[in-house]
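My structure is below; once you've seen it, I'll send some questions.
For clarity, chains are labelled A, B, C, D and E in written order, and residue numbers in each chain start from 1.
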Amino acid sequence: MGSSLLGLLAGLHVWYWFDGSSAALQFVESYEWIPSLGIKYIVGIDGFSLLLVVLTTFLLPLVLLSQWSDSEEPSQRPFLALLMALQSGMIGALVAMDLVFFYVFWEAMLIPMYFIIGVWGGKRRIYAATKFVLYTVLGSLLMLAAAIVLYLAHFRQTGVYSTSLLDLYSVKLPIDAQMWMFGAFAVAFAIKVPMWPFHTWLPDAHVEAPTVGSVILAGVLLKMGTYGLLRFAVPMFPDAMVQFAPVLIFCGVVGIIYGALTAWVQQDAKKMVAYSSVSHLGFVVIGTFAVMAGGELSVEALSGATYQMINHGISTGALFFLVGVIYERRHTRMLADFGGLAKNMPWFATILIIATLSSVGLPGTGGFVGEFLILNGVFQASPIAGMLASLGVLLGAVYMLTLCRKILFGPLDNPENKELSDLSAKEFGYLVPLAVLAIVMGIFPNSFMDKTKPSIERLAKSYKSYSLDYRMGRDMGHQSAN
Amino acid sequence: MSELSNFMSHAVFHALAGLITLVSLMVVASKHPVKSAVFLVVDLFLLAAVYATLESHFVAAIQVLVYAGAVVVLFLFVIMLLNLQPDQLRGLRFNAPEAVTLILSLIGMFIMIGVSVAGKPTGLGDGSLTVEAIADGGGNTYLVAMKLLTDFIWPFELASVLILLAIVAAVVIAKKDHKDQPA
Amino acid sequence: MVPVEFYFMLACVVFTMGLFGALFRRNIIMVLMSIELMLNAVNLVFVAAGRSIGNLDGQIMVLFVITVAACEAAVGLAMVIALFRKYGTVNTDILRLLRG
Amino acid sequence: MTILWIMLLAPLVGAVLNGLVLRKSPKMISHLVAVASMAVSFGCAVYLFMDMMKSGGEPKTYLAFNWLDAGGFHAPFKYIIDRLSGLMMLVVTGIGTLIHIYAGGYMHEEVSTSRFFTYLNLFVFMMLQLVMGDNLMVMFVGWEGVGLCSYLLIGYWFQDDNNAAAGMKAFLVNRIGDIGFLFGIFLTYRHFGTVSFTELRDIIGSNTLDAVKLGAIGWITLCLFIGATGKSAQLPLYVWLPDAMAGPTPVSALIHAATMVTAGIYMMTRLNFMFYLSPMTMQVVAVTGALTALFAATIALVQSDIKKVLAYSTVSQLGYMVLACGVGAFGAGVFHLFTHACFKALMFLGAGSVIVAMHHEQDMFKMGGLRKYMPITHAVFLLGVLAIIGMPPFAGFFSKDEILWKAFIGGGPILWGVGAIAAGCTSFYMVRLLCLTFYGEHRGASDHGHHHDTHANHAKSHGDDHEHGSHGHTPHETGADMWGPLVILALMSAGVGFLGVPHVLGGHNIFEEYLKPVMLIPESAHEHWAFLEATYSHSLEMALMGASVVVMLIASGAAIVLYGRGPAKVLSKWKASFSGVYSTLWNKYYVDDFYFANIVQPIRDMAEFLWAFIDVKIVDGAVNGVAEMCRFVAGSVSFKMTGSVHRHAMVLVIGLVCLLSVMVIN
Amino acid sequence: MNFEVPSLSLPFYGSAFPILFLVVTSIVALLLGVSKLNTPKVNYGLNLFAIIVALGSAVYQYAISGGAGEIYLSGGFTAGLLGFWGQGLILFCAMVVSILLGDSYMSPKFFRGEIVSLFHMVLAGMLTMVATDDLVTLFVGLEMASIGVYALIGYTRPTKLSQEGAIKYFVLGSIAAAILLFGFAFLYAAAGSLRISEISRAIGKVSGHSWIELGAILTIAGLSFKMALVPFHMWTPDAYEGAPTGLTAFMATAMKVMIVVATIRLCENGLDGVHGVWLSTLSLMAAASLLFANVMALAQQSVKRMLAYSSIAHSGYMALALSAMSGAGGGMSVPSILFYLIAYVAVSLGTFAIIMWLENERCENVIVDDLTGLAKQHPRAAVALAVFMFSLGGMPPTVGFISKLYVFNAALSNGLIGLVVIAALGSTISLYYYMRIIVRMFMLDSTPVLGALIKPKKSLATVGIVFVSVLIVILLGTVFPEPVMQIARKTAGEVTGG
C-alpha cells in the first residue's frame, strides 16, 4: 500500500513536471542492456504514455484499498505482491522506449495477471486465465517476429543493431513488408484491446477474475493494446496503416455494435460490463485509425482515443468495483437476482449511475469527451463509419441503462436484497475518487489533454509528412529503376 | 584392363549381388531365427567375397573372422540359449500403416538407388591407391594397419574403451538382479 | 571393372532389406540381425567407395563399424536375455507399457 | 458577469446540496433549498433580461472557460444572452420556480424529497445550459443533460418497474434524436470549422457559401431536426412522451410540457438562419409538425387517463410549434412555445392537484364533479382549457391563430386544414377532459374497490409506501402552496396572449417585433421566404381566424353535449359501431406495438443470436475449437499410433523417405 | 605412401585431459566395484571428484584456448573453444545430475562401481564427440555415449518401464545409427575423406552432387534422431519416461548439448557447401517438431513424458536456429544455439531436480495430477517450478524468453519467417501444458495426492541446485544476458570463424 502511494506520488510528480508543450520524450533514461543485440534499457514518457502512467498509479492505491480489510487472510500477501508486480509490468511497458524492453514487460505482466485470475478467480478461472494468457501470447509472438524483422531491416539500412524505438521509427520499409508486419503488430494489439473478433477471452477473463483483477484488466491492461497501436503500429508502418485503416475501422465498428448488442443480452452483470469494454474499446480503435482524406490522421479522433482510454479506465473500473460490491454482499452477479437496490443502497445507486453515465458518454462526463471527439474525427474521415459507430452511443445507452434498471430499479422483492447495506467507508474510499474523476474529466478535459496535445499533433502531422517523404522516395526509386 | 577380366568381374559381381539379395531376403523372411542367423552367416561370407573383389582383403578377412565368426555366433548362441520357437510371422500382418511404410520404404530405396547411379563425382580423389600402389606400399593389410595406427589412432584407442564399455554394459544388463522380483 | 554405382545399388537393396526386417519382424533378435544387415550394406558402400576413390579411409571405417556392430550386438543380446528373463518371450509386442 | 454565473449555478448548487449534503434532512429543508435556488436564479434572470433590454437587446457572449480543444475543434463553455435566450431563461427559471413551489406540496407524501429536488434543480441547470449556450456543444450538454434528468425523474418512483422502463424509453428514444444532433454537429464542424452560433451566423450571414456548403446545410438542418423530433416529441419519435407521464406530475409540467420538450423549437429558432437556407428541410419540418399535431390530437380524443390526454395534447401542440418553424414563422413558434408553457404547465399542475385530491387516481372516468370540492383548481383549470382551445382572447387564441395563418400563407390550405382539424380535436378533448373531471357526478367513491383500467397501464405511479386504502375519501382542495402557483400561471395564461395581438386585430404583435433581431434570412433565401414579409388582405386573415374559432366552438359544443353530464349513453353505442376506429385510437395507432415488434424485438433477437450463436459458437467456438482440435489430435495420436517399437521405426522411416522426397523434388 | 606418426605432445594431453582422466577413473571405478570399497559413498565421492576435476580442466582449457582450434591426431581431436565449451557444459550437467542422484532414492543403485564406470565411459565418449574433426571418431564417440546410455537408463534399476524404454531406444537407436552411417558412407563416397574439414573442401569442388546431398540428408536424419526431432523423436518419450529421472535429466541436457554441438560442427564446418539441403531438411523437421511435439505434450499425464515432448519441441527451436546457420544472417545463429543450450540446461536441470525431489520408491513416475496443491504443501518448490515452466514456455522475464528471442532473431535474419510463425504457434500451445502444471500446483484446491506421500527430504544440495537454477533463469532473463551471450559469441567463433 505504501509503495503504491509512493507510486501515485511519483505519478503525480511526473504529471506535474511533464512539459505539456513538448512532443518530445521526457524523463528519458538509457542504459545498455544486451549490447550484442543492440537492446537497450530506455525509458521515457511522452503524451501518450503520460496519462496511462498516471492512471495506473492512480488505480493501484484504490485497488489496494479495496483489499485492505481482508489483510488478515494469509493468501493476501502473495496477492498484493502480484498486484505490485503487475503494476511494475504495466508501467514498465508504458515507459519502455525500446521494442524488446517493451515486449518483456508486455508479456511479463501476463504472469501476475494469470495468477490473479487463476488463483483468486471464480469457478471457471482456470479456463479463463489460460485462455487469456494463450490468446495474448499467440498474438505477441507474432508481433515479436515482426519486431525482429523490423530490427533486422534497421540493421540492414544503417548497419547498427538497435531496438530503440526512435531508431526503428526511421526505418523505411517497402509496402508489402510493412503490410504483414503491421498485420502482426495489429493482431497482437488487437487481441489485447480486444478488438472484434479477437475479443472472446475478455468476457471470460473478466467474469472469472476477482474484482480487483477486473478493475486492473479493464482499467489499464486493455489500454496496453490501444497504447501499443498508437506507439508502435501506427508510427512504424505508416503506409501499411493507411491500407489497413479501413479494415481496422470496420473491425472497430463491428466491435462497437456487436459488443453493445451482446452486452445487452447478458444475464451476468460482469459479463455485461466486459462486453461493454469490447464496445468502448472499439471506439478507441476507430479513433486511432481515422485517416483523413489527405493521409493525415484526425487529431480530434486521436485525442479522443487517448482520452477515451483513460476515461474507460475510470468508468469501467468503477463499474467493476460496483459489481464487486454487490457480489461481495450477495455472491451472485446475475441481474435477475437484483432489483430495487436503489432503495436501500442509495449511495451505491448514485455512484453506479455516475459510472453508467460516464460509460454511455453523457455530456459532462469523461465518456462524452472521448466518444465525441472520436466520432467527430471518424466522421470527418469516413462519414459512414462515423454514423455506424454512433449507433454504439445509442446501444451503449441501451445496455447500460438495462443494467442500471435491473440492479437499481424495480421492486425490491428479493428478501435477500432487503438486508443489503449501503457502501462502507472503505468502499466509499475507492469509489468516490473514481466517480469524481469521471465528472471532472468531463468538465475539464483540457487540463488533461493539454499534456497530450503536442504528441498527438506530432504523430498526426509527422505521420503525414513522413509518409509523403516515403512515397516520394519510392517514386524516385521507381524512376531510377526505369 | 582387358575385356575379359572386365566381363569376368562383372559376372562375378552380378552373381554375388544376386546371391546377396536373395540371402538377405532369406535373412529377414525366415521364420526361424536360427535359419535367419545361418543365412546371415552366408550373407556375410558373400559380402566378404565382394570385399575381396574390391581389393580389400583385410576387411574381407575380418568380415569372416569377426563378423561371421563371432557376432553371428553370438546371435546363434543366444537363440539357442533362449530356445526360441519359430516365429508365427505375426509381424507380417499388413495393416494400413505397415503397407504404407512398405511402399514408402520401397520408394525410399528407389530414390537412393536413383541417387547412386548418378555416378562418381569427377575430379575427386587422387586415385593414387591403385592395385599396383597397394602392392608397392606393402599390401592391403599393411597399409590398413599403418593408417589405423597413425591417422586413426584416436578412434582406435577409443574403440578399445568402447569395447570395454560394451562389456561392462552387457554385464550390467544381463546380470541377474536378485532384489528385483520377476514380473 | 564394375562401376561403383553397382555396389551402391546393391547396398541400397541390402539396406532396405535390413530395414524391412527391422520394421516388420516382431522377434527382437530378428530385429537385431536385420540391423546387422543394414550395417553390412553400409560397409559395402564404404569399401566400394574407398576402392573407387582410391584411399583406405573407407576400409578403416569398416573396421570401426564392425567393432561397433559387435558391441551393439553384445549389448543388444544382453538386453534380449534380460527381457526374456522378465517376460519369457522376445517378442516386441509386449513392449507396450510406455505409450502416449 | 457574476449575475449570469449565479443564475446558471444556483440550481446546480441547489442540486448538489440536496443530492450530497441534505440526503437525510427533512422535506421542508430540501424544498426550501430547491425553491430558494430557483428563486435566486429567477431573480438573476430578470435582472439579466432587464439589463439586456436596457442595452437594446444586443446579443452578448460570456466565456466561462475553455472546455474542449482538440485539433481544430474548439468548444468553450460560452454563453449568450440575446432576446431569444433571455426569453427562454425567463420561462425556464420563472415557470421552474413556480413548479418547484408547487412540487413541495405535491410530494408531501414522500418520505424524503431531497432526491427529487436534486433532479429537478439539476434539470433546471441543464435546461439553462441548453438555452444559454453559445455553441452547439454547450447546447448539446444541456440537450443530453435534460434528457438525463428526465430519465431520472420519470423513473423517480423506481420501485415500479414500469416507471423505470418508461424512463429508459424516454432516454433511449431521445438518444436516437441526439445522434441526429451529433451528426449535425459533426457536419457543421466539417463544413464550417466551428460550432459557435455567433460565428455560424456571421459566416452564413456573409452570403459567401458555395454549393457544397449549401448542400451541407440541408443535411445539417435535417440532422438537427432529427434531434428536434426526439426532444420535441415529433413523429416518429414522439412515443416516449406519453409514457413519460409516469413521473411525478410537477415533472410532467416542467419538463414534459413547459421547457424540455420545447428545446427542439428553441434550437431551430436559434439556428433559423441555417434552416432558412434549406427549404427542403423546412418542408419536412412543416409536414412533420402538422402531421404530429393531428395525429396526437386524434389519439387524445379517446384516452381516459388525464395525464395521457395532456401528454398527447402536448405532442399535438408541439406539432403546431414545429409547423410554425417549418413555415418560417419561428417567432410564432416561440410565441406559442411561450403561451403553451404557461397554460400547459397550468393544466398539468391542475391535473396534479386533481390527482393528489383523488389520491393518485388518474382515470378521468372515475372523477367527475370535482368542481364542488376544488373550486380554485376548477377555476384555473377552466382558464387553462380556454387558453388551449384558442378561445379569444386567451393566450392560446393569439399564438395558435398566428401559426395557422402563417401555415396558410406559407404552406397552403392543406397545412392550414390539418392544423385547423387538429385544433378542433384539441377543443374537443380538452373540453371533454374538463367535463369528465370537474362536471357531472362524482364517480370516484362508488368505484371504490376497482383499481385501474387495464389499458392505462402506466396510470399508477405511486410508490410502495403509498397507502392504497385511501381511495374513497372525499376529494379536497389543495393547499395554498399548490394553488398559489396555479393562480399565477392562470393569470399568465389569460394575459400573455396580448403580447402577440396581430396587426389585423389592431395589435402590434410585440412579441414578433421583439424576436425580429434574432431572425436572419440570408440573402440567397430571401425570395423563398418573401411571403413572410408580404402583406395580405386583412379580410382573408379575419376569415380564417373566424373559421378556426367556429371549428373550436363546434368541437367544444360537441364535447359539452357528449360529456357535460358524464359520458353520454350514445358514446358506448358509437364505441361499438366504430370499434375499429376506436381501438386504433385507443391503442395510439399501434405505434408502440409496431415499434416493439418490428424494431426493438428484432434487434433484441439479433443480439441474442449474436451472443448465443455467433459469439459463443462461432467466434469463441473457433478459438476453443483450435484448442480442442489440438487436444483431440494429441489424444488420438498418442494411443493409437504409439507404443509399439515397430510403429516408432515406421514413423522414422516414413520421415526419412519424406526428407528424401523433398530432396528429390528440390 | 607416407604415414605421419602421431606425435603426442604435452598440450595434447592437457587438451584431452578430461577424456583421458574419465577413462582412467572409469577403470578405477570398475576396479573399486569388485573391491570392498564398493559403497555408494565411495563411488559418489569418486564420481564427483572425477567429474569436477574433468570439469575444472575443461574450463581451464577453455579459458586458455585461443580462438581457432588446435588439431591433434590428424583431426581425431580438436582442441577448440566450441569443443571445450561443449565438454564443460556436458560435465556440468553430469555434475549436477550426480549430485541430484546422490540425493535421491536412486543413490545406492547408481553409485555402484560398474555403473559409475559406465557413466564415466559414456562421458568420455560424449566429450570425444564434441571435440573432433573426424567422422570416425564422431561415430565411435556417439556409440560410446549411446550404448552406455542404453545400459544406464534401462538397467541401473531394472524395472519393466526402464527396460522397455531402453530396448526401444536401443532398437531405434541402432537403426538410426545405421542410417547415420549410410549417410557417412555417401559423404565419403563423394568427398573421399572422413575428415569434416576435408569434406567441406571437397564439397567446394563437387558441389551439388547428389551423393553429397543424399549423404547429408541421411547424416542429418541420423543426428536428428539423437537430437529428438520429429519424425525421429519416437524414442524420446519412452526413454525419458522409462529412465530413472536423474538419467532422464542427463539425457535431456548433456546428450542434447553433445549432439547439438556435433551437429553445429558438422553442418557448419563440413556441409556448409550444401546448406540448401540441410536448411530444407532441418527447417522441415523443426516445423514438425514445434507443432507435433507441442500438440502431443498436451495429452500427457506423466510429467517426465511431458517434459520429453517439451524437449523435442526445444530441439525444434534449436533446429530452427541450426537451419539458419548458413546464409546471410548466419553469424547470429550459432551463438543463439549455444545460448539456448545454456538456458535450456539450466531450466531443465532445475525442473528435473524438483521432480526428483518429489519422487521416491513408491512413486517413481510423477504424473501431472500429483502436483495438485503443491503450492500449499511446498510453496517454494512450487514457485521454483512455476518459474521453470514459464521459462520453458518462453515468457519474460525468464531466460527462456531471451533465448527464444535470440533464436528467432537468428532465424529471421535468414528470412525464415514462416518457421518463426510456426514456432510462435508451437510455443503458444506449449504454454498451455506448462501452465497445466502451474494450474495443478496453484489453482486447484483438491487434496494433494502426492503431497501426502512426500516427506520433505533434507537435501541441501537439491535445494541449492534449484535455487541456483532459479537464479540463473531469472538473472539471465533480466539483467545479465549479455555476458553469457558474449561467451556464446566467442565460442561460436571457432566454427563460424569470426
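Here is the rule we use: contacts are C-beta pairs under 8 Å (C-beta built on N, C-alpha and C of every residue); 3 or more make two chains touch, one makes a residue touch a chain.
Owing to the predicted nature of the structure, the values given are computational and were not obtained by experimental measurement.
Trainee: Using the touch definition from the top, list the chains contacting both subunit B and subunit D.
Mentor: In this structure, the chains that contact subunit D and also subunit B are C, E.
Trainee: From the centre of subunit B, which other chain's Cα mean sits the farthest off?
Mentor: Following the centroid criterion, the farthest chain would be D.
Trainee: Go ahead and name the chain pair joined by the largest number of contacting C-beta pairs.
Mentor: B-C
Trainee: If you average the C-alpha positions per chain, which one ends up nearest the average over all of them?
Mentor: Answer for the innermost chain: A.
Trainee: Determine, using the mean of C-alpha atoms as each chain's centre, which chain is farthest from subunit C.
Mentor: D
Trainee: With centres defined as the mean C-alpha position, give me the subunit B-subunit C separation in Å.
Mentor: Taking the average C-alpha coordinate of subunit B and of subunit C, the gap between them is 7 Å.
Trainee: In whole angstrom, how far does the Cα centroid of subunit A sit from the Cα centroid of subunit B?
Mentor: Roughly 69 Å separates the two chain centres.
Trainee: When the C-alpha atoms of subunit A and subunit D are each averaged to a single point, how far apart are the two points in Å?
Mentor: Chain centroid spacing, subunit A to subunit D, equals 37 Å.
Trainee: Please work out the Cα centroid separation of subunit A and subunit E, and write it as a whole number of Å.
Mentor: 43
Trainee: Multi-chain contacts only, two chains or more: what residues does subunit D have there?
Mentor: 627, 638, 642, 645-647, 649-650, 653-654, 656, 660, 663
Trainee: Could you say which residues in subunit B touch two or more other chains, in rising order?
Mentor: Expected reply: 91, 98, 101, 105, 108, 112, 116, 118, 120, 124-125, 128-129, 133, 143, 147, 151-152, 155, 159, 162, 165-166, 169-171, 173, 183.
Trainee: Quick check on subunit C: which residues sit in contact with 2+ other chains?
Mentor: 4, 8, 11, 15, 18-19, 22-24, 26, 32, 48, 50, 52-53, 55, 57, 60, 64, 68, 71-72, 75, 79, 82, 86, 92-93, 95, 98-100
Trainee: Identify every two-chain combination in which the chains touch.
Mentor: A-D, A-E, B-C, B-D, B-E, C-D, C-E, D-E
Trainee: If we count contacts the way the header does, which residues on subunit B are in touch with subunit C in the complex?
Mentor: 1, 6, 9-10, 13, 17, 20-21, 24-25, 27-28, 33, 36-37, 40, 43-44, 47, 50-51, 53-56, 58-59, 62-63, 66-67, 70-72, 74-75, 78-79, 81-82, 84, 87, 90-92, 98, 101-102, 105-106, 108-109, 112-113, 116-120, 124-130, 133, 140, 143-144, 147-148, 151-152, 155, 159, 162-163, 165-167, 169-171, 173-174, 176, 182-183
Trainee: Taking the touch rule as given, give the residues of subunit B at its contact with subunit D in the complex, in rising order.
Mentor: 91, 97-98, 100-101, 104-105, 107-108, 111-112, 114
Trainee: Can you list the subunit C residues touching subunit B in their complex?
Mentor: So the residues of subunit C touching subunit B come out as 1-21, 23-27, 29-30, 32-34, 36-37, 40, 43-44, 47-48, 50-57, 59-60, 62-64, 66-75, 77-82, 84-87, 90, 93.
Trainee: Which residues of subunit E touch subunit D once you look at their complex with the stated criterion?
Mentor: Against subunit D, subunit E makes touches at 167-168, 171-172, 175-176, 179, 213-214, 217-218, 221, 225, 230-232, 234-235, 237-238, 276-277, 280-281, 284-285, 295-300, 429, 432.
Trainee: In their complex, what parts of subunit D are in touch with subunit C?
Mentor: My answer: residues 638-639, 642-646, 649-650, 653.
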